[in-house]
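Handing you this structure, nothing more for now.
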Amino acid sequence: MNPGIQVAPTVDAANPWAMHAVRILAIRREVPQAFTYELAFEDHAVGERFRFRPGQFDMLYLPGIGESAISISSDPDDPQRLLHTIRAVGNVTRALARKRVGDQLLLRGPFGSAWPVESCEGQDLVIAAGGLGLAPVRPVIHHVINRRDRYGKVWLLYGARSPRDLLYTYEYDDWRRADIDVQVTVDLGYDGWDGHIGVVPTLFDRLHLNPARTRIITCGPEIMMRFVIAACLTQKIGPQHIYLSMERNMNCALGFCGHCQLGPAFVCKDGPVFTYEQMEPYLDVEDF
Amino acid sequence: MSVSTIPVGSTVSLQKLRLQGLIDALTNAGYQVIGPQIADGAVVYDELDSLEQLPLGVIDEQDGGRYRLERSNDAGYFDHVVGPHSLKRYLFPPQETLQQLHLKDGHWNVEPTPIHDKPVAVIGARSCDLHAVAIQDRVFLEGPYVDPGYRVRRERLFVVSVQCRRAAATCFCHSMKTGPRASRGFDLSLTELDDSFVIEVGSDQGGQILASVEGWKASSAAIVDQAKEQSVQLERTMKQRADADPAAGTSRPRQLDTHDVHDLLLNNLDHPRWEQVAERCLACANCTMVCPTCFCSSVTEVADLTGEHVRRERTWASCFTAEHSLLNSGVVRNSTKSRYRQWLTHKLATWIDQYDTSGCVGCGRCITWCPVGIDLTEEVAAIRETAS
Amino acid sequence: MSKTSNQKSTEPANKPTVAVFKFASCDGCQLSLLDAEDELLAIAHHVEIAYFLEARTRTLDGPYDIGLVEGSITTEHDAERIRDIRKQCRYLVTIGACATAGGIQSLRNWADVDEFIQQVYATPQYISTLATSTAIADHVPVDFELRGCPINKDQLVELITALVIGRVPRVPNYSVCVECKRRGTVCVAVAKGISCLGPVTQAGCGAICPAFNRDCFGCYGPQEFVNVTSLTRRYESQGESREHLVRLVRNFNGYAPAFRAASDALEEQSHE
């Protein structure tokens, strides 16, 4: 689907199973059950070579437990400060949650397609994220802030189940200062919450978008993305200008194991970032 | 004749019993020689030392969910077609260790897994299987990443293909344009005639091995033509029989109308036929296991109780299992209908998007080895008949 | 087991405790645990075998971290005891066909138990039993189940390892056919016309029976997406009798819901 797949400098195309040792430098508890791990390569030469594009993921590996595909959630212009935000829900991520600063993990990566930050230059940008879906788009926010003058208006529409499930709240003010219109909503407000209540797509109604120059980046539960897409289509934004990040069972990240197929795509190597145009035939097919 | 090699593209003749010399030459060259032989009521691939192990005078009658060996009138060594095994298990083994890890002083040492097995030489591969290997090459070698284990096995593989003399009722290589004649992808290619083999050299290694076999002689033009004519005749017969009156029964070669099959299937993802086939489908995964191109796999962590010694085992996996589409939020394809649809649409449609080729080589194994005889050619035809 | 000081120093503190309980069963699954000779010492190093009457006389009182339960519930006393055991165990794991599906003794669920008692026992008045043999999960919540008659010791070691390491045990729920094909066994159903339950049975045994040229008789119970009707219809069309098929499905795991429904349906059809 994406013929021009670039192999990252830290991945050996001839032996892509090879792993790099990393240590946990810091752990930050973000929201209930989700933690951000700062990782550093043990081999400095590898660390120096490590580069990623916003939207890409790493395979984090705990021997005896397994590998898990985790989006990189840090600043792509500062690849040596490598962050992954992880929710402890699966076998591997629950075991990761028991790890401490100084523990060793193994890593392969980065893998996958990227958000189209270059082709969005000169355009208005709406980033619509739900729940943990903010983690894979945070590199986009960093990228934009680092070269803010190259973009038009930029909105971040972000929603979570409740105020305490909102990720990275400590950074919203920085982002706003960098001229990003950060709008936050929750499904369930409670005492002390004076912000918006409702799902992310409802935030679209308040925006006046210029469909000809607007690009959409959305990441979150599939159901949320479907409603975001519907809201965008209502505003006459073309399917080729809506980008989404799909989730499937990514086991190998190499297109070998076959588990992450979604129609013609291997989500691990052709994705996880796709245009709505690519995914449109399959999104509404039951159990596809 | 004593030469060190026979040039690629040349054709020689060998008396039938002299084929033992080829087995010996490959063994002496360090290969583990694999060839067809009868075991447990089927022609399977296993280690081959002697010509006498070959299934002389045996044919395999195949139909949906049914396989039986019978005596043949022709008494050839290769009158059977394809059995349950394919070359897949020698290049992409059903189970292999990818890596071994040992924890020492808080540091994981990752040991690469050297390939200890001997290089393999397979005698008896058919045209459909050579196409299947070429398809798996695209998966494991020709994408952005290379699977190192597959690469080593593939580079060392020596293939002696055999031109089919007959087709089973489940064969439809003529539809998939993958046979019956093998035209490339072999080191040596055998055509079995009544009293000799005609051998075409397909590679330098093939030429060198063949040159060391005693008793070969240059083929006459007439013999070469006779060998070629055998394949042409078979293809003609397959097409004629496949086009014959359906009232003649199911025991005729299948055919699959590949015209626009990509769009046909992808435009009919909600076709009622998927539900109907799911009523028969056992979701047992046999079709994916016997398919020579199906490449799905899972990696399992095998750890000892200390957790300090870990082996990563890769095994064949299948889109018919829950594990295949498992997410933290649940199983994506949580019905037999969606799993069969995934398999068939991948095999015949999205494979083309991914690898610029169909994933089906028309070998018919999935039809024969389905315990309830589900036939993909029938499923496609049914969808085509009532497509939206 | 006597401990050397060296062992003591590497022995994990607060080892999880394991208890093994037996109900109506043949003890074969407990023997699988004893049969894991190579692994047993390592297991004993990482877990405290607190209660395992078949292996050691010393017992420790509960509560226990892991309770392994063999056997089915066949008496009122059993039913009470399993409720008590459930309370004592953090993880309750059923092992084997008896505990997970009622076992071969659940054949009595299709028969008249009083008649059995009258015929078998000299003094039937001493026999106190339920009319049915049922799975542990019919009585208390079960955290994990290991199938098989008997269980596979590798799966048992995997279970204990996983619980010690802290991950979900990896026990496949796909069909026996996957294991047959991986090991290269020729399908006995397709090549020999043998009515084999492999396609509807959960893997785990390593597909032993077909490798010895005989049918799988379903001792690991129904696989995840089981379609017994399609398979038995096929075997019937090949000339297999309904009576045979009922007996085939109504076996060690005959009372597992999917198998039970299938054999009942077959029987109903034969009576039509």
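Just so it is clear, A, B and C label the chains in written order, and each chain counts residues from 1 on its own.
The criterion applied here is as follows: a contact is a pair of C-beta atoms (placed from the backbone, for glycine too) under 8 Å apart; a residue touches a chain by one contact, two chains touch by 3 or more.
Since the model is a prediction, treat every value here as computed from it, not as a measurement.
Novice: Kindly list the shared contact partners of chain A and chain B, in label order.
Specialist: Touching chain A as well as chain B, we find C.
Novice: Please identify the chain with the largest separation between its CA centroid and the CA centroid of chain A.
Specialist: Following the centroid criterion, the farthest chain would be C.
Novice: Is the C-beta contact count larger for B-C or for A-C?
Specialist: B-C
Novice: Quick one: most central chain, C-alpha centroids?
Specialist: Centre-most chain by C-alpha means: B.
Novice: Using mean CA coordinates as chain centres, what's the chain A-chain B distance in Å?
Specialist: 40
Novice: Per the centroid of Cα atoms for each chain, what is the distance between chain B and chain C, given in Å?
Specialist: Inter-chain centre distance comes to 37 Å.
Novice: Go ahead and note the Å separation of the Cα centroids belonging to chain A and chain C.
Specialist: About 44 Å separates the centre of chain A from that of chain C.
Novice: Two-or-more-chain contact residues of chain C, please, as numbers and ranges.
Specialist: Counting only residues that touch two or more other chains, chain C contributes 165.
Novice: Specify, in ascending order, the residues of chain A that touch 2 or more different other chains.
Specialist: Residues 64-66 of chain A touch two or more partner chains.
Novice: Which positions in chain B are in touch with at least two other chains?
Specialist: In chain B, 301, 303, 307, 335 touch at least two other chains.
Novice: Quick one: which bits of chain A touch chain C in the complex? Just the residue numbers, please.
Specialist: Contact set of chain A toward chain C: 64-66, 91, 94-95, 98.
Novice: If you look only at chain C, which of its residues touch chain A in the complex?
Specialist: Touching chain A from chain C are residues 165-168.
Novice: Sort out for me which residues of chain C touch chain B in the complex.
Specialist: 39, 42-43, 45-46, 157, 160-161, 164-165, 170, 172-175, 177-178, 181-193, 196, 198-200, 213, 223-225, 227, 230-231, 233-234
Novice: Would you mind writing out the residues of chain B in touch with chain C in their complex?
Specialist: Per the stated touch rule, the residues are 39-42, 44, 65-68, 83-85, 89, 94-95, 279-286, 289-290, 300-301, 303-307, 315-316, 318, 320-323, 335-336, 339, 368-369, 371-373.
Novice: State the interface residues of chain A toward chain B in the complex, per the touch definition above.
Specialist: Result: residues 1, 5-7, 11, 13-19, 21, 63-67, 89-90, 104, 106, 221, 247-249, 251-252, 254-259, 261, 263-264, 266, 269, 281-282, 285-288 of chain A touch chain B.
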